[in-house]
Every structure is written in structure tokens, then in C-alpha cells.
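In this document, chain identifiers A, B and C correspond to the written order of the chains, with residue numbering beginning at 1 in each.
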């Protein structure tokens, strides 16, 4: 069983590769990258295409177990494959919460049997996401969790966050912070600012995010532990991380495509598909997030893929649930950054591969000889239109419906197997 | 657009007709006691003011003058849609009065029906009489004028236009043929 | 006459001409309200549903009277007395109401944007009777009618609006309406009650009530609702009254013929002193009276749709 990907522009930032090469996959592993390779099995003509290590999304909600009406491991990983992702890290706000070995075993087992791509479960920091006592982080790690988070909620207690970092450190577990100071969020439902004023909606000020990012970065500095900040959306958060990195704090962070693409203007018309947490921010925040991606302050692009049933979005704005699906629109939205001259294609691939892999320390994100053959073949010029009803995800909650996109994954290869091939 | 216009009543003709109607009103009602003139907006209200002036010249007494807007009483609201609402202005009680409704052109009679409904929402007159400058026929309701300036036989596709000047004096009446 | 609005969701969507048309129409409706028989047959056979998800006596009553005086059948549905309290979604409520073929739904809702949501999903006209902290168009229009009766024109007028601007739909709708008609709008309130960016909507922002009402032609006081707006915005009502309340003293800073307005219900002794509330500059009951005429005008204009000639 072998696949030969011929004549594509191979970009592997982890190895500093960027040239037209052939990639030979044998027995599920990368066998060789070179010119003029020959193989017996399937051949993929990749002329004009971009060949990258399989893309990684370290922030998705697969909703399984517990909320399978929104998404499950099968549909979620199919959506990932369609978007060009070969690995996803799934968030623990499932039901039951991913706070024990048994839930992790369920996810890992189902993903191995029925999933389209690699699934790395992220465990919860606290039992039941209640913010009271630590989960069994050691056993979570042992079962396959590279990281822990209470995503969806911050760890309100500074003391508990400190202990989480101290406890996770020797296990090599990254603590992912969902950073918001809830007392400043209050009843806010969108970014605090002019648009909120006009729409008469309660605002979430940027300081709610910055304050918590600052606290957690300082705790990481204090404890020396590995911290990852999820979905940074403000100018201040980017700047805090930038300065911390300069001081040598072991912190990484991610940004979502919607936070580098849309502003709070998208909420106009009370569009519930523009309701998420963190909320869509102002234009200067979007510019700062882009700058952070460009200079490497932001290590990873992660989608915060958050499927919700139509009944949960088709309601008054203030009671609609937060979040959008993102796996199938992330790549073309990111490619726009290259088109806009924000960052190089090389750096962009890094934010989708080696960046996220290192953030939560998973053995993926490169095409080194001998590693599992996760490869994405991208047609950067393929033009298509987002039709929500045609998304592979069970849920269709996207603000990008009708958007004209350029670029798509045409082959998604996981462990040497083509799991997704784009038609036409 | 109208193809041809013919003046059927000029300024002098209108003056004579209104003077005659003023006399007829006084004769029929034996003076101005309990009399009131209510013009239908817009057009009839200007003519009612003219009639008031003539009655004052003849009798030396001002007769009560009001105006009624029938927009809210139209029977074609659901098909015609909104029209500008004018002001109904009847600054005296109409209970027990002899009310002369004044309109410029009497056609189907629907406007008069609406005006009578409007009057009954305001009070209970002793009687209602109808004065019109032009009666062009084609009645769709059992309504008959008491005082007519001129009977003008028309076809349905013709239009009658009463022209007023800036001081709201009637100048002439034209018939517009398609 | 041109009035091309199926719905009245906010002043934001109304042009200067639209506002003029509504005010002129309302002016002519006022006569009906002083008749012995306060009813005209115009909307006979039309069904108007007052769908109120928030308690409101005065706005609901005003809309109900307006509908009845136009001979429409008006039905009141309030959140406590209907299936909405059983957790029915707004969409299902909308569908159920639509099945009864109403012509107009007048909606009050605590969620900003709820009337827009309804309008997108229902065939009949929707009139916003107040949505969250967003808009309250009929209130602004009745305020404008009252101002016009006293000041004849809006051009060159200075209107001071004082209170919780951040949470006030009355302030937003008035700001849109007054600036569109050529008046200058000053907003004033405690620092906690001035929303970010409001000046971009054309207002001058003050934190000192005295500066805001100096030489103003109109002083509009907003209701302070401590229970709704949370305890963090103000220390006490006593201090609010002292620094942001309208009284005989600071009212002297306004023009001598300034009028005092309040959308009601008033908190006497808080945002407005009783001397001012009952004083000869207040036009508060005229506002209420004009409310019926303005709402009649809105119902008339919306029910008729576009003139077909």
C-alpha cells in the first residue's frame, strides 16, 4: 500500500522545506521526500498544488458524548477531513464531561474505529468543569490527553489555576486557558463598543479577556508551567502574549479564522451566527490578531469549531448559543491572509501544522521520514462558494454562507490513507 | 393622459351657480337658523366657504362652517391603500343642526356616504342636505343632491376637474376626455 | 403619499420624509380623540395583536386604544398569560399567531432585536413597541409630535436627554429621530450610563446635567430603574437625584420657554422633582395624549401599505 504525490510544492516548516518535490508514502508512513520518485501504488498528480503536513486544529468541539444531535465523532472528523485537517483536539465540555479515563477511552476508541482523522481528547482542568477540584490530570494524560482546559469557562479561582499549572507541569500536560474575567463579562452578548451601543445589546469589553490572559500568563511565569491561551481576540491579549514570550514565559496561543476575518459589524441584523465567545471584536483587534499571526506571537490557527443545532441559533440574539462551525472554512479564510500579504504561505502552513503540534505537544505536524503519513494536498486556486447545507458537519451554523472562497484541500491523507478527496 | 380639455363652467358661471345655491339653501331652510355648512375635503371645503360668504352677503349673518375629511371613512381602504389623512374641523356641535354637505363633484355617491358616516360619528344633525357644484351622474348609491350647480352628463372615462386659485377661489370647471 | 414601510422596527430605518408623514398624519388624528364618539371605521376588519413580553401599562394601553379608535380588533397577549411562559420559542409563537391571520403585531420584548426576528419570519406587519435597550420608535415619534406642537420646527432646537442612556431605547430612538429632523441632541448621565461610541450617532455627550441643559429648548428626563439596571451603576438614588435629577434650580439654566418631557412612569424625587413634574413647563400628559394619535398614525400607515395610485 503506497501513495506517490508527484510534483507538488511541498511546504514543511518544521523541516524548512519549501520546494517542488515528490512525497512517497509507504505502509502508512512518510517513506521519502525527493525529486523524481517512483512508486507502485496510487499516484496523485499534485502539479500546481501545495503539499503540507496534515493540518491540525487544536480547538474543536466534537460534542460526543452527550450532544450528538449537534455533532459526533464521525461527522465532526468527516468535517475536519473535508477541511484538510488530519488531527483535531476536542474540547472536554461533553456530557459526561471529559474529566475521566472512561470518557477519554470512549472518545479515543470511537475515533479509532469510526473517525476520519486523528482525535486528541483534551481533558478538563476541573472535575465536571465546575472550577472546584482538579480532574485526575495524570490519568487523563496517560489515557491520551495532551492538554487540559475548562474551555467554555475560565478557571475563576486564581488559586486553582495556579495549582492546575503546578500539577500539570510534571506530567507534561499543557494547560489551555479560556480567558475571560466573568465579572467583567456580566450579561454581555457581543463586543462592547459602538455596534453594541447601536444595537442595544450588552457588551463584553476587551478588558474582560485581557485581564484573565494577563493573570494566566503571570501564573505560567510564576509556576514555569506550559500555558496555551485559547482563541485570543483582542489587541491587548496578543500584546500580553508577545511580551511574555519575549520574557521567556512558556506560553503559546491560538486565534480563530473568524477573529482574524470578521469584526463586530457582522452582528448587525442580530445575526446569531456572528455570536460567539470571545465575541467578534473591533477592527483594531482584528488587525492586532493578524499582526500576531504574522510575527509568530500567535502560534496556531484553531477553529473553535462549535456546532449548534438550528434551534439553538434560530432564537433571539441574547439567548442564542455561542459559536460557529469552522473546520470547513478555516483553510480558505486563512489563505486570504496570504493573498492580503499578512504573512507568507510558509508561515501560514506553520500556523496549521508545527505551531499547533508544539502548543499541545503532539507528535504530528511534519513530513519527517518515518512519521505517520498525515498529508494535506491543497489546491490554492480552487474557487468555491460556501453552502451551509452542504457542509459535512451535522450543524450549519456559519456566518460565511454564500462567501466566495479560493483554495481547498483536495486530498486529506491520514496515516497513509486517503480519507477525503474533493470532488471536481 | 387626457386628450382634450373643455371648460364647461367658467369663473362667472361658477359665481352665478353658487349665488343661486345660496339663495336656494336660504329659501328651503327659511333663513340661517340652525344651519351649518360642512365642506368635504378637498374642494368642497373651499366651496362651502364661498357659500358662507354669499349667505352672509344676503342675510347679513355668518352661518357655521366646518370641513370634513373622509379619508378614514373610505370604503376602498384595502384596495387603494393609504392616502394622506386631512383634518376634520367642525368647531361647533352639529346635534340638531341642518347640515348642508358641500362637495365639488358628485359622482358615485361613495364620498357622500363616507361624509355622512363621519358626521354621525361627530353628532346627530337634524337633517343633512347636499350641495354640489357639478353632478356628473353614475350614482352607485341611493344619493340625490338637494342643490346642484350644473348637471353634466359624462362617460365614466372622462374626468371633471374643478380648478381653484391660490386664494382658494374656484376659477373654472373642465372636462377631460381621454 | 409615499410610505413604504411594512414594519416599524426602529427610527433608524425611517427617513426625514417618513417621520414628517407620520407626524402630519398623527396631527390630523388628534381631532378624533377629542370627539364624543372616538372612533372611525378605517381599520374595520383588521386584527391587531399586542404581543407584550414585558410588562407595560401605558404603551400597551395606548396601542390598544389607538387600534380600537380605528375600529380594528385588538387582542392583547402578555407573557404571563400565554404560552410564552411555558417556554415556547419565539418562532413557534410567531407561527401560531400567523395562523390566526393578524394584520399587525405590536411587539414589546426585553431582547433587543426580537421584533426584527419576528418580522423576518411572519407575513404580517410588525411594529416595535420597545425592544430591549434598542429602540422604541412610537415613543420617539410622540415625543417629536409634542415638541413640534410647542416649537413648530426641529431645525436649530437643542434637546437634552438625561438619564441612563446606555440602557434606554427611548434615548436611542429619540436620538435618531431628532438628529434626522435637524435638532441638536445632548445626552447626559452618570459615567456608568453613557454607552461607548454613542457620540458617533450624532450626539453631544455630557456628564454634568447643568452643562447639558444650559440653553436647551427641550429637557427630556429618562426613568431610572435601579432594579433592572443592576446595583453597580449607581451608589444610591439619593445621589442620583442630587447630581442628575431635574429640579427648579437647574431647570433655570434651560431656555425660559423650555419644555420638560418624561416618557413615564416617573420616579418623583429621583430623576425629576415634583415641582418640575407638575410645573408649567412640563408637557408630560401631552406626550401621553399624543401617544394615541401617533400610534393611530402608525397603525394606519402600516395597515394601508403603499398607496396604489
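Note that in this section a contact is a pair of C-beta atoms (placed from the backbone, for glycine too) under 8 Å apart; a residue touches a chain by one contact, two chains touch by 3 or more.
Since the model is a prediction, treat every value here as computed from it, not as a measurement.
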Touch-based graph of the chains, sorted into line, ring, star, complete or other: line
Chain closest to the middle [Cα centroid of all protein chains]: C
Whole-Å separation of chain centres (CA-atom averages), chain A against chain B: 78
Intercentroid distance (Cα basis), chain C paired with chain A, Å: 46
Whole-Å gap between the CA centroids of chain B and chain C: 40
For the chain B and chain C complex, residues of the former touching the latter: 69, 71-74, 77, 79-89, 117-118, 121-123
Residue ranges of chain C in contact with chain B within the complex: 1, 3, 21, 24-25, 27-29, 31-32, 35-37, 39-43, 70, 297, 300-301, 303-309
Complex interface listing, chain A residues touching chain C: 192-194, 196-203, 269-270, 311, 314-319
Of chain C, residues touching chain A in the complex: 12, 89-91, 109, 111-114, 116-117, 131-135, 166, 169, 172, 195-198, 200-201
